[in-house]
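I'd like to ask you about the structure that follows.
The chains carry the letters A, B, C and D, assigned in the order they are written, with residues numbered from 1 in each.
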């Protein structure tokens, strides 16, 4: 009833393609088959692309490196748009003073390091001396002690009314074919409920991620929303986010949604992609 | 501890001001005192403004009329940015065929009337013949029978996987000093939970509303986010939405948040405006 | 993997059986095939039974009548345990004075009529004179104007801190093979969210319904929890409720859960019945 | 407007009193002033009592010890009713085979140790060999590595459809005058959302806790619901739970609800106690 489309035919209709990374271009084992050829094809046909990822654990440079290491020369740090970049823009626009506490690794903290602002890992925060802490940013699920430091983070925001920024909206991420890990987005949901505060979240499906990517892309390309396609494996982040932002969307069946259940899932959620492709293989 | 600012001093720091309407410029009795003088002051000082409203029940023309009727000559339909305009943009970008069913008055349906597309009030939908219905849009809490037509809307979306767009994210709106009415946003929440679908919502605090206003404003003015101030009476729509979008925010105490409890509410929600003014009176 | 059991074999292991009504004994067309024979079999084998229903729209007498009219002589009003009976018990224990406002038909109001207490339909409440109203009870989705009277109910509870009792926890109920209606439970969820209050709910899966039935049953029969089986068609009301209360549970596939998807649903919810039977047919 | 009652006068109206522990009888510093005298007064006046606590981290014996150590001779293990006891009853009634995995300390595991059943800490579970695990019980926030073992628990329940029991419904518990810790109830909420399962929860305000206490009490005393008073410091657990169960309730202002804001909180939640006392001091 819902037929499958050929990715090559779909891609040729657009000037710019936004890709989700995990489940579309890569998985827990590394790059998916055909990714290299696909990017080459886009290049040959003058189709620009960006990779939109709910990942604030590593810098765009590091995120790009995994593609470059796999011999995909078309990807570089300027092609990566991560939710961490939105957190950084927020900090730049809205946090003018003080120290910024964070949950995450030191590597993730690069997103919030900014002229005139100091950052401090939550594990180094002293709850007797938190007067100059001006924001809390959740960046990564690693780099801290979950029990001790989540409790510390909770008590910090109970005592001091500071903005809390969650730079990753996902609940889990896959680590093997069958197993997942808990992402810092889920940790943020728990802390928000316990503190009864309203946190600020960045990442798909929120339209600010798409808007950021569109503005970023519009600096280099003369495009309207009708020229852009979002390709993703998740109905509830990639597809609904792209739909709501007003760009066309393409579901691929190499990640969250399986080939044997895509019709059921589309009907069940009521989230309808413009195209469905088995994969990005040409 | 949190001091009050003078609105005149605050306004003079910005090139553009976004205003919420209800609780800031008007209330159930009509225009608030000082609004006329304030708009005149902005004009004299070359400060541009837009009114951002979660209202899809009436066209920008009709929304502007209430200001014009009150002798405020600076307001016209081009100054109004309503959540209904985002619903219209969505329809234009993403719904290419079929009939669009809607909950609301005929007046509200103007937002979704589009070349080549027919609209149909949910009350005229025949549940035996819905094959060509391609979307459902929730526009206004009036214009239909709540019992009969909400059930009809629920059964429609249970049977057919179509996008459901909610063009008003508010739960209630004030009708007298003490009483509220239930807005179509709350009706949308109920239907979404019962249908177990994911609806598409437009309106503050969602960043797409601010992004739409920013792009709209950028066509006429050469501005960055740092040049814009959001003025609102609601922490959970105006202030958090403006904060997250990265513009400065100003809470006024003439609506949702009372002068005797603003500190408590700011602490309790953890949503912190850049400025707090008693009102927009100069 | 999860094999089907024979209902006769299962039933013979217990002294008392609790039945859900809709989807187990009846559906929108009337009694299901085999119900009459099944009740006769229980009688012959000295197995007691009760019918537990989330229905406060009609009295036990009226609820029993549909069985009697179908020639099922074993059912009478003493076999019916409805969520309305818990609302009545609450009123008797906790509301000693004033008038009790209700949403529902006059027939449903019988549950809350009590010596010394007056009841008043929400449609007759005067919002200028509500001083003696001491509780609001949601009984049925019929008997009032959804738009006018839901707004009136919302404003009443915003103004006066009274307990709100919801005597039906279901969101929808089936009216034909494909269509549902919105039950007063969903209306209660909407009002509770808008009023930011905490309502009091009665009905499966809440354990108070099972506890009430157990106490009711223990007056006539010498039983422990191990002697009782709950038979239902819904994992999220009948089965989880029975499991949590500590009695054995049997899922039948004649209502909410279909024969072709029961394994998927059991795995997906993580709610595991002790037995699964195609139907209550012997 | 809402006057304060004298605890002595209130207590004398009842045959049995149910006490919450934390915020009523004790706090982070130990026993509250007057508790010893109050229990002595109850004894003299033949008023029975039970302590109802959402605590599955320690056995009733250990929980009673803190009272005995403070010289309160009236308290012993038979006076303690903990949410862990309900988890134990559930296991006894519903889990007949296999190993029961748990999150918590070894001390907390005593609640689920049962003839013929083995228990295993989640930290010792091997995700390659989980075939005989028949349930997961969340008992305490200590005794495991939050990062490693919560992920393990999540993957276990994603793979195997087993019941998950949460023996503590609280989100946080106080550890000093200003600081809280995250309880295993909040951990349960996070895991339940990530796994998209429905967990089984025991503890106030759920009526099963009150029903269990009532049955327990009815073995020793000839009482009806009208003879029992629930005394607690939390509107959303003690008071609403008692109200819904149909017993009278008394809010004390020595814990969650402060003397300067009780009226506001009662109005704001819409949860109304029958009595309000400053404390249990006579």
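By our rule, a residue touches a chain if its C-beta (ideal position, glycine included) is under 8 Å from a C-beta of that chain, and two chains touch if they have at least 3 such contacts.
This structure is a prediction, so every number in the text was calculated from the model and none was measured.
Contact with chain A and chain D alike is made by no chain in this entry.
When the CA atoms of chain B are superposed on chain D, the rotation angle comes to 180 degrees (nearest 5).
Of all chains, the one whose Cα centroid sits at the greatest distance from that of chain C is A. Both copies, chain A and chain B, contribute mostly matching positions to the interface they share, with over half of the numbers common to the two.
Inter-chain spacing, taken between the CA centroids of chain A and chain C, is 44 Å. Chain centres here are Cα means. That of chain C falls 28 Å from that of chain D.
Residue positions of chain A touching 2 or more other chains: there are none.
Per the contact rule defined earlier, chains pair up in contact as A-B, A-D, B-C, C-D.
Residues 89-90, 93-94, 157, 161-164, 195-200, 206-208, 211, 225-226, 235-236, 240, 243-248, 266-272 of chain D touch chain C in their complex.
Residue ranges of chain B in contact with chain C, taken from their complex: 127, 141, 145-147, 150-151, 154-155, 158-159, 171-172, 178-182, 186-187, 189-190, 193-194.
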